[in-house]
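Below is a structure I'd like to ask you about.
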Amino acid sequence: MSLLKIQDLKVYFNARGKTVKANNGIDLEIRENEILGLIGETGCGKSILGRAIVGLLSDNVEIRGKIVYKNEDILDLSEDRLRKIRGKDIGIILQNPSAALNPVLSVGNQISEIYRYHENMGKKEARIRTAKMLEMVGIDPKRMHEYPHQFSGGMKQRVMIAMGLALNPGLLIADEPTKGLDPTTKDKIVDLICELVINRNMSLLLITHDLGVAEKMCDRVAVMYAGEIIEIATIENILSNPQHPYTQDLLNSRPKKGLKPTAGESPSLSSPPAGCKFHPRCRCVIGECPKTHPQMIETENGTSVRCFLYEDN
Amino acid sequence: MKKLNDIRNILKEAGNNRMAAIGGAIVILLVLIAILASLLSPHDPFEQKLENRLLNPCFEYPFGTDNLGRCIFSRLIFGTRYSLAIGVVVVGITASVGTTLGIVSGYSRGIIDETLMRIVDIVLAFPGIILALVIAGILGPSFLNVVIAISLTHWPAYTRLVRGITLSLREKEFIEGARALRASNIYIMRRHILPNCINPIIVLATLDIAHAIIFATGLSFLGLGIQPPTPEWGSMLKAGIPYFRISPHLTFFPGTAIMVTVMAFNFLGDGLRDMIDPKINEIILVSE
Amino acid sequence: MTLLSVENLKKYYYSGVFNKKEIRAVDGVDIEIKSGRTLGLVGGSGCGKTTVARTILRLVEPTDGSIVFDGRDITKLRGREMKNLGREMQIIFQNPETSLNPRMKIYDAILEPLTIHKLCSADEENEKIHRLIEIVNLNKELLFRYPHELSGGQLQRVVIARILSLNPKFIVADEATSMLDPLVQAQILNLMKDLQEKLGISYLFISHDMDVVEWMSDEIAVMDKGKIVDWK
Amino acid sequence: TPQEDSATNELVVAISTDVNNWYLDKFPGGDARFVWSQVYETLVRLDTDLNIVPGLAESWETPDDGKTWIFHLRDGVYFHNGAPFDANAVVFSYSDESYVKKMGALRSLDHIETIDENTVKFVLNRPMPLPFYLTHVAWPIMSPDCVDDNGDFVAPIGTGPFKFEKQTPDQEIVLIRNEDYRGDEPVLESVTFKVIPEASTRVMALETKEVDMIIKLPEYEVSRLENEADVNVYRKLTTFTDFLQFNCNNGVFNDKEIRKAVAYSINTEQMLNTVLEGIGTPAKGRPLSPVMMYSKPELDLYEYDVEKAREILSEAGWQDSDNDGILDKNGQPLKAKFIVGKDVWASRHVPMAEAIQGVLQNVGMDVDIQVLESGAITKLENEGQFDMILRSGYFVWGPYPRHFFVHQSFCPYSHYNNTEYDKLANAADSTADPEKQQQLYYDLQDMVLEELPAFYLVHEEKIIVANTYVKGYRITAEDPWLNLDGVYLEGKQ
Amino acid sequence: MLKYILKRIFLVFFVVIGVTIVTFSTMHFAPGDPAEVIAVARYGDDLTQEQIDWVRVTEGFDSPVYIQYLKWIKHVSRLDLGRSLVTSHDILEEITIRLPATFKLAVSSLVISLCIAIPAGIISAVRKNTIIDHLCMSAALLGVSIPNFWLGLLLIWLFSLTLHLFPSYGYGGCEHLVLPAITLGTSMAAITTRLTRSSMLDVLNQEYIVTAKAKGLDEKTIILRHALKNAMLPVITFAGLQLGFLLGGAVIVETIFAWPGIGKLLVDSIYARDFAMVQGCVLFIAVLFAFTNLIVDITYAFLDPRIRYEKT
């Protein structure tokens, strides 16, 4: 069952006279109770996609397409309705917890205000709920009166998770929840999110560029390159049988596979190469590649890939 | 060629930023007026025609005449020189001294930094105009002393700003990289730190020119500014005050000139800030 | 042959005005690196890896211990000798975006070490720079851009190019690739390995990522709380 | 009748500076003298036309042509604290402690004797017209109770028509009616002096009727206010004359002819009519205001004559050889450093100085104006670092021409050395015979005009402006006085 | 936080010492013989060399500078600022008499400026690039550009003379306060508006505002709860500096409106070359300023948890 369906989403920024096509025709479906990974290199538009889903992009941006959540197109919603959906139906954990937590409000306050605002709870009740949430993410509830700067990076990340989960949303978007954490903390956070998401029957869109994390957590993975989804498959398929040359290179660049290098640099989003956006770096360019922009093609095992190599299949 | 492109880009940006464009245009105009003062002014700014005193604006005297029958228009035109000179000289002195101290302070840290910052604290403990007032009061009023008085109160703003930038730059790897290359400290300050402070300094300096002009006006009001018959706007305004009931043009034109100039520099400074680096906060305005 | 040998290296930081607090960032570290080999240094965040690197390069003064480089004790070097040391040991930092002066064009950035050490005349400079960027596989179109116009991988190459101009024997790479994407990381690490083979450079390779370190290094030292706790 | 209106009989007068001294050991600076003149009285007084009249002394005589003076004091006069006024108070007021004795004009006072309760004898070192000296508001009679046993000042206690009530620094001084005043009891219940430093604010406060009367109105406001229906402008020629003093000791003005050239180039009449809005009388070099005693009616004054000025200069060898508009001689340009004070007392001086600069520029003299406070002026003066100073009324009060001391060589302000002049001035001051004295002063005036230690510009006119509901005011010629005798308010809202 | 406060207090102490040195030396190294200057101030017109010498001896100008400083500082530390050279009045007393007037003016200007500036700044930031933003910013720019003595006179002319709404000068009830406070408050309000706006804009661009939006909070809550406190931190710091503006600007405003405050006392003393009084005033103002900033810093520490909970 699909919980969220994104159709041909385009997000264009207007930056200093140039159009940055941060998302350029995204089609994506998040099913109920699934963990969908979104991987791809820095700046390919993952976070933008995550924010677009919750309607959190600034005003100077042009958005087209459809984001249908439970039969409502988020892009058509009034600000009021959107506000109700945010937090309550769709939660988001932003990328950098140090910046995403308000430095002058206590951690407890920042969580409990969600209850107070959305559920009109009294102070006391909200505090009890907050304590529960904190306990759940492994933070001593006694510390709810402390301020973000008194917490370590991992703890801040936990607070962000508690905040995202506070109202039991149907969909949680987690933007690189493990970035910048040391391996032990990282493992703990991964386990925590998995456990909570599974226990609560929710869906998770996990944005990351850490394949290890994706492997541990995800059911399916979407691979993004230069503002497009280029491959969607189950995690097993991605790891064992990557189809798109980019995905293959990505896997081969891991130390385990001998750190095999790929030539070239990631393309700019304001003037991407014509045709397939990966073709300048691709090992197996064929005639079509530089000219025509490839479409998503279904291959075996429900894998979709945007590559001419699979056209005939 | 590349340079030309840079300049073209800046101009293009300036075109997009209406405020900066207006401010810049007025400033350029003022500079031209100051340079071409003797060509533009219809009369000798010092020439008195007592029989023509307190004339209202008319064809011969576009802005009228003052209490000694001097052409206000010509005096304003020549006054541009003094006001701009005060702004530019003060800012030239304060920016270079303040910046040097700021870089040295932030880069060397330790005892030098402590000492310099304490000196800054001490200077800042005196409200600017009061310190300037006392200095001008002691030294006596003259162009030079006005410049000294304002400069002595204004340099800490640069030192603080530049020190802050320097401290954050110090944390940057490229500075450490230069140290690993064993570049000398002076080389690092000059080639790496200074160029990275320039933009905010330019913004601060532009706003500061406006501030210095207003500041000098205040000193003129208190009789400690540039002295008559010098056609400095502040002292013209002050000298016109007694007549502001019967001949308001004596105050109106110098007052407006001051306002327009100060606004132009503020426009330009604001615009430059938006253009160059929106992150430099308004805080730098608080150079008082 | 041993290129660098560090013994009992200590670096203590002091903080606080009223009650002085001692932070033992590095607390008695012994390291040995052979010519043309790579030593990997791993450890949790804040265990003192960066401090070790910075003290070895004398970017910070060690509290105690000896650093013998190429047969000389460099802990007490000053002036000219210190300056010449800059040609022999160099460092690559973690964050490519801040590793280059944002107000300096790439060309000038690469030229900088040569000017500081007065290693080339004006007419050679162009040729030399082109040779350098060829080694690190950079496009010469990038030479007249500013750092913010380059990607992280390209920047890290520029950093390597400018370091190479000095022909160093020893390079510290402090998490040099941890900010990069996997594809680019692979590029850079391969480049570093190539250079080692061609030029016989020794590395002190610092990283969080055990897998990467294993791939890069001949030996691995594991640090914890300022001490070496394991040596593989 | 005025008395019925007593509810509003509270006069508010705006002055420019506060009274920061009430005691006789210091000179009351700024506008303090207007306030002093309500609280304190002098032995001898002047009427509104500068005629000498009895004050606290009923009569006086000098048995020896001016070396000894005997004053007969008025009986039945009481100080504000109820203590009787007597000879002791006079001795107290001119003790060695007092400013006038220590620093001022009475340095040649040897001692004072009390003959009886109501008679005092002043013994001088040399003959002097003492009664004139004793008219000065700044050295009045104070009660010995003004100070406590330790000699510390307690309160201003005088015999004047108004008593000190309270003072709020930099704001106001409130005086109330002295019910036991020796003369006609004042109609006014109280007089409040408001301190308003800025001239424009003072004028606007008068127009909004926040104050009833303002003193020292700037000249430029006069013509406008004279046309306003609900204010009265009172004007009278004073004892003060503005003068341009030269540094005759060194520099260009060492040469009398150059000083003359300056005198011929300045059109005092035009300056008066323009810069001073026609307020005052052009002096054309006349050192004494016509209201002054011994002011010589027929004098050989300087009539404006630029050509003559140019002639004198070129005869003296000044030529414009480089055509820059400035004359030069032996390669030295004709330059003069011109000092102007910025006292509230003479706000007109700055524009006057600028006007002078303009006309001198016209004959080829480069004048550099410096507007300074008195302290800075004193410094430059002592060092001889100036060529001209614009001044007003030094050693001037009352009708007596003591002013001539200013050009005596021993006077710190003189910058002029002429033994003949010194002798003449001394002789004039020490001569008791009025006719002889007059002749000596006439000679002095001729000499000043001929020698030009200073060029006298304008005789100052005093201006007082009051709202029309202020009745019964009569302006006095002498400047520091504020004559509130007979003033009352009628119909103030 | 204790450490922070202790450090601040230590700094203020240090600054105060520095301030005394600066004040002392400006007066003592002023051109001209101080004894002569004092003698002129004291005895005015006729002056003899003996009088100057007498002043030199009695005022201690013949001893070495550091002794003079130490002597002076000893008095100052006992709150004895000496006596005026002109009037012989006790300096501290003269200052404290005028303190209420300056205080009243400063506080009301501050209140006026903050009451206008903070809402205006917030609105301009929230409604960036709208008409209201442009209006506020233009007004603010006008406010900083107009010489305030001219503004003062225009206000008197308009409100007292033409409209008869407020008195034109003087010290007294609230009605007296209006015009001077507006004159003094205007430029400050202008600067504060700009500061508030840019600080608010800065805060609104922070990630935690996005977080707040992501929680589904409404605009009002986001601005008042999440943005305001952060945005106010630099404004509070500035409020301390504003006092400097106020004390400085007061010099001019007090002169125009005949407001009997410290600023006017200072200007008068400068004119009268009453260096002891100038010294006293400047020292007083600087110390007052330093202590206000200390209070502001401490308030800041309470408001900013990053400092409040700093480990000691």
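Just so it is clear, A, B, C, D and E label the chains in written order, and each chain counts residues from 1 on its own.
FYI, a contact is a pair of C-beta atoms (placed from the backbone, for glycine too) under 8 Å apart; a residue touches a chain by one contact, two chains touch by 3 or more.
Only a predicted model underlies this, so the values are computations on that prediction, with no experimental measurement involved.
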**Study point:** Path length in steps (a step moves to a chain that is touched) from chain C to chain D
**Key:** 2
Check your understanding: Computing the C-alpha centre of each chain, which chain sits at the greatest distance from chain A?
Key -> D
**Study point:** CA centroid of chain A to CA centroid of chain B, Å
**Key:** 50
Point to revise | chain B and chain E: spacing of chain centres that average the CA atoms, whole Å | key: 22
Exercise for review: Please report how many Å separate the Cα centroid of chain A from that of chain D, as a whole number.
Suggested key: 89
Review point. Which whole number of Å gives the spacing of the CA centres of chain A and chain C?
Key: 34
Check your understanding: What are the residue numbers in chain D that touch two or more other chains?
Key -> 200, 342, 376
Study note, to complete from the structure: Residue numbers in chain A touching two or more further chains are none
Point to revise | Complex contacts: residues of chain E adjacent to chain D | key: 32, 36-37, 40-47, 51, 84, 86-89, 94, 97-98, 101, 153, 156-157, 160-161, 164, 167-171, 255-258, 260-261, 264-265, 268, 270-273
**Study point:** Complex contacts: residues of chain E adjacent to chain B
**Key:** 11, 14-16, 18-19, 22, 26-27, 30-31, 141-142, 144-150, 153, 157, 191, 194-195, 197-199, 202, 234, 238, 241, 243-245, 247-249, 251-252, 255, 263, 266-267, 270-271, 278, 282, 285-287, 289-290, 293
**Study point:** chain B to chain D touching residues, read off their complex
**Key:** 46-48, 50-51, 53, 67-69, 140-142, 223, 227-229, 239, 241-246
Point to revise | Touching residues on chain B, where the partner in the complex is chain E | key: 118-119, 121-131, 133-135, 137-140, 210, 214, 217-218, 221-224, 234, 237-238, 241, 244-245, 251, 255, 258-260, 262-263, 266-267, 279, 281-283, 285-286, 288
Study note, to complete from the structure: Given the complex, residues on chain A that touch chain C span 41-42, 182-184, 209, 211, 249-250, 252-256, 258-263, 265-266
